[in-house]
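Once you've had a glance at the structure underneath, I'll fire off some questions.
In order of appearance the chains are A, B, C and D, and numbering begins at 1 in each one.
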Amino acid sequence: MTNTIPTPSVPAPDIVRCAYMEIVVTDLDASRKFYVDLLGLHVTHEDETAIYLRSFEEFIHHNLVLRKGPLAAVAAFAYRVRTPEDVDAAEAYYRELGCRTERRRDGFVRGIGDAVRVEDPLGFPYEFFHEVEHVERLHQRYDLYSAGELVRLDHFNQVTPDVPRGRKYLEDLGFRVSEDIKDADGVTYAAWMHRKQTVHDTALTGGDGPRMHHVAFATHEKHNIIQICDKMGALRISDRIERGPGRHGVSNAFYLYILDPDNHRVEIYTQDYYTGDPDNPVITWDVHDNQRRDWWGNPVVPSWYTEASLVLDLDGNPQEVHVREDRSEMAVTVGADGFSYTRAPGDAMLGEPAEEIGFKMGHQL
Amino acid sequence: MTNTIPTPSVPAPDIVRCAYMEIVVTDLDASRKFYVDLLGLHVTHEDETAIYLRSFEEFIHHNLVLRKGPLAAVAAFAYRVRTPEDVDAAEAYYRELGCRTERRRDGFVRGIGDAVRVEDPLGFPYEFFHEVEHVERLHQRYDLYSAGELVRLDHFNQVTPDVPRGRKYLEDLGFRVSEDIKDADGVTYAAWMHRKQTVHDTALTGGDGPRMHHVAFATHEKHNIIQICDKMGALRISDRIERGPGRHGVSNAFYLYILDPDNHRVEIYTQDYYTGDPDNPVITWDVHDNQRRDWWGNPVVPSWYTEASLVLDLDGNPQEVHVREDRSEMAVTVGADGFSYTRAPGDAMLGEPAEEIGFKMGHQL
Amino acid sequence: MTNTIPTPSVPAPDIVRCAYMEIVVTDLDASRKFYVDLLGLHVTHEDETAIYLRSFEEFIHHNLVLRKGPLAAVAAFAYRVRTPEDVDAAEAYYRELGCRTERRRDGFVRGIGDAVRVEDPLGFPYEFFHEVEHVERLHQRYDLYSAGELVRLDHFNQVTPDVPRGRKYLEDLGFRVSEDIKDADGVTYAAWMHRKQTVHDTALTGGDGPRMHHVAFATHEKHNIIQICDKMGALRISDRIERGPGRHGVSNAFYLYILDPDNHRVEIYTQDYYTGDPDNPVITWDVHDNQRRDWWGNPVVPSWYTEASLVLDLDGNPQEVHVREDRSEMAVTVGADGFSYTRAPGDAMLGEPAEEIGFKMGHQL
Amino acid sequence: MTNTIPTPSVPAPDIVRCAYMEIVVTDLDASRKFYVDLLGLHVTHEDETAIYLRSFEEFIHHNLVLRKGPLAAVAAFAYRVRTPEDVDAAEAYYRELGCRTERRRDGFVRGIGDAVRVEDPLGFPYEFFHEVEHVERLHQRYDLYSAGELVRLDHFNQVTPDVPRGRKYLEDLGFRVSEDIKDADGVTYAAWMHRKQTVHDTALTGGDGPRMHHVAFATHEKHNIIQICDKMGALRISDRIERGPGRHGVSNAFYLYILDPDNHRVEIYTQDYYTGDPDNPVITWDVHDNQRRDWWGNPVVPSWYTEASLVLDLDGNPQEVHVREDRSEMAVTVGADGFSYTRAPGDAMLGEPAEEIGFKMGHQL
């Protein structure tokens, strides 16, 4: 799986943004409790087999589809493209790549028109669509605004064994890198890639894949995220808080990771930065920098590195998971084989004469 | 050290609130960087041997005295009493208890008048004073308001081996318990005790003592605490963030624990609740409840349980530390000997049929 | 009505805090929409004639009683006293003052036991009680926490013609002044008075009275208050926002004034300061200081000065309103007869050479 | 001035975003106090004639240039274009429009390379550039983060007599309308137009022009804006707060308008919404809707409608101001000639039977 993905001769579709994810859940009622009762996403439509949800400021039909099924997995990472013709472009693009594609003029899900789904070169089910049903944008419906309101779909995060290979493929598709994590030997551990003017529409996390690492929704302010934690405590499901809240080094966003009833991971995220300029500076983090994943140096739990959701092929069967052959970020930073530093050697602390490197991991459990 | 402390026949002094702490620091410049440059406390007075600091809304001379000395320790936990006569009452009270006392009509530190210091029955250096120099209350000096502004001294926290013994002594002194942590066998692990109308002016934490666990300052809002974390990240001293930020179960406050250059622990704290009614309900937490110390179930690092500052006697020598003989909260909740639950057995999660107890510790490092 | 109110020879009751207000509303459904659906107060009990409401952190039965009646008015300003015996003390105190009193061992409203109601010397219906039914304190029920959550009853505000007369009466009753508004001739326009350790439990506002100016609830943070405004906009009732949001000069709190369906005024309030020390500094504001009522100099609407709710006698009839004979704060600060300044003459702006006084009113409508 | 501006035959330059404004100030020290000491913008460069300032998250050389001069005015509204060739495109575009242009290969100001300035068809001095010096992006320098930190330049706002004429010109230039204000007769009062994915890069406000209405900077959260108000109160310059803070109807952003020492108006702004989809819904507001300018119905002060800054031609002389001939928004909404409604006739309030239209203006000063 280490062959380079070729650059097609036909133009890439003009992707606007990540638009929705379709996930398969095994207990629709339990998932509704999580996404509607706990997180407050707004129901555009629901029936016995699926629930269509959108965030507070969304005007397209949905940002998330929960579909009842026997195996928890991801059915589609869906991107909106600029024009109807860009769906044609996407179909042609992936055909040239030799990928399996499926075109449906009436869409794969409610509210979406003409769309193409593909099994992409990394094994992910990607969808591209332009036509979509507009629904009420709730952005001034403060009568519906909950204390932990999710206002936008922000991004996807995908686990793939070979990050540079995936990055090259996504750059060909028109994504641009905002930040990445590397080591001194040139190993890439993760990369953040965007179409809209935020830090990312999707990110590649090095690991066994293809798998879905998380889907992220944005809040307006930091206290909205804290409220979600507080509410999970009140509901006595704090064990479904996997990591955070915290401040990311990468992206500079305030974050939280929680787990839905099928262990699909959801990030709640706020306040990254504008990336719309063509020469937006790329930030490369050292994998040993203890503030890269959490600016405050709080430890990343192992499950966050190792667990992720299966993804489906176009027949609805889970894609085979390939093992990452490069070094693991967890192994090189945590435990006996890893190390992390808070300050580079020689750096002063609080303006004082340089001290030894500050370790934080050592006094954790 | 398990004898009961008798109740004196003379009246206890009428304590208004915790007012200031005097700590000995080994490097005054480094401590100034921490308390003034990082945390933004306001300098009322400073010279070559000491710095007097106050919070944004304070009108008495100081809430914290940093005194240069050879050994990091705490010289005084100082309480303000209601009247000048209450200083006499305090002196008589502790004399009857057989404690060593020292009275100074001109005070022990700048800005404070007539005061008595005692070596209390638990071994802590307590001070009681009424006379104090008023200084400018900065509460509307928003031109001086930093993004992480500390607005009030909130409380002390003391480590002592026998919590019920200490609690009885403090109740005699007029403190009232707001919350505590116990187990089914009746062992008390900690108790929170107040005079002013907040959850505590001081708390007793079970452990080897007498030692000072932390001193806490309040902010207006939660984002102020997050800013302190962000700033410590920017200064590359995130390894001085020991625990948090998080939401306490006990007290319901949003919190952060950080360490000063001498490892004195400082808590930043906001939004506990009113306790001024005479029948304010006492909340008792089960030591095995995983949300008691952090409402979101995030783990308590071992250092938070084991490390604390020495306290001084009236000659300036460190008090001998006595080992706690009761069970340790860390031992009964963490690791091989301990357990914690997120939901009591039989509790439903998200309204679903009861599931197994949710454990969070297991997937931590 | 300018006679001084004598100081009784018997001791005043030991008042803990303002505890609840009973108001008469003309349309219980409309009031429920306002206090429950809009503001999110929690229903302890309701029937066809009354609704009992409490705030998020309250543990006594209620903070507000809405009682259906033919005339919008206030039936009681109720204070909690420290002991059962303090109800006796209150009864004796007001009897010596020659006030009409009524004692009910079973209380005047649900959830409250033995209580005395009085027609006080200023004409207000005051209640004093100790016994109260405890209910669930919701302070960690974040599953019920709305984006504009009201967490505590903070204070009452009463309109009375002669502020010094009322102040002397309340000081005798044990209240202490935290702030007031005066002019150079010694006229007092308003005074803030507290028992609990905040800026006030009640305030006296100079004007035609006895009338109720407002009842105030506290939020945790400023954004909670902004959410209430946003929600009122979404509900298209922004015309029920009377004044604010803004920052008070007096009290330093962030505030908002809104009107219920009967024009009872409700303040939403957050982040004043601790006043519990016996020598808490009193702040006197010049009535001409344009930042006294709004720290940002935004104008006070005339209705805020002129409108208020009637109060009832113990038979349920409205008390006669007496005209203020002293100068009116509105007249001396607004319009042809008044003036206000932003800076005192000679004050520099931004450190520049002194400029003329900054007026803000002139460029308002 | 009512002739339509023709659409050039050559392509419009590809504008990325509003990037900086150059303003002339009469007292550089006073302006520095305002923009640096009060607002906390970061100095990239300064000398005796000019100060170059940037916001917290900016990576190009500056967002604001303060240039000392005899007459307060705006020298340039500068946009960044996607490629170096887009500067050529801009020059050709405006030449075809018959506008005066000036090209400088070394830029007009420090830090900017090849640029063209034009006197545009509306009389505004527009600049287009691509080359720019990168500077440190301070977005994680929380050690420099003030409580009222400005994190991004958000938009310009221009006053022009004929809004539809200006809108057509800007649409040709590639801007898209997000929201506008009209009346039932088709008169347009204002329009918001964007290139980047926010509500606007610039807006057109109907009035005598060409003049600059304001320049706007974004904060992360709402409390940052409140802090700026609080700080202006502390500095006793609250009379320089012109309007707000409040919630806009248009754009849904939280806002504040303040005046610099030369009366250049600055908006502080946060939390509008994503507009990057090609079919982003346009919102048209009725000019009589009292919540269009302030969602809470708070009145717009007349100065906000009538006052604005002069703009300069390429010789540095002020452009002649042309009178708006269409109806004035102030006249049709405020005072004897105007009216505004909170609810449309027939709308229910709080779910009650329909009531009369709610007016708010009538009880203002």
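General remarks:
Basically, a contact is a pair of C-beta atoms (placed from the backbone, for glycine too) under 8 Å apart; a residue touches a chain by one contact, two chains touch by 3 or more.
On a predicted model such as this, the values are computed, not experimentally measured, just so you know.
Separation of chain A from chain D in touch steps, taking the shortest path, is 1.
Between B-D and B-C, more C-beta contact pairs are found at B-C.
Chain A and chain B have Cα centroids lying 41 Å from one another. The centroid of the Cα atoms in chain B and the matching centroid in chain D are 49 Å apart. Spacing of chain B relative to chain C, judged by their CA centroids, is 34 angstrom.
Among the residues of chain A, those touching two or more other chains are numbered 140, 221-223, 230, 233, 235, 249, 295. Interface residues of chain C, counted against chain D in their complex, comprise 30, 33-34, 37-38, 221-223, 226, 229-230, 232-233, 235-242, 245, 247, 249, 254, 261, 290-291, 295-299, 301-303, 334-335, 342-343, 347, 349-352, 358-361, 363-365.
Those residues of chain D whose C-beta lies close enough to touch chain B in the complex are 140-147, 149, 221, 223, 227, 230-231, 233-235. Only residues 16-17, 57, 59-60, 80, 82-83, 134, 137, 139-140, 151-152, 196-197, 220-222, 249, 252, 271, 273-274, 276-281, 295 of chain D touch chain A when the two sit together in their complex.
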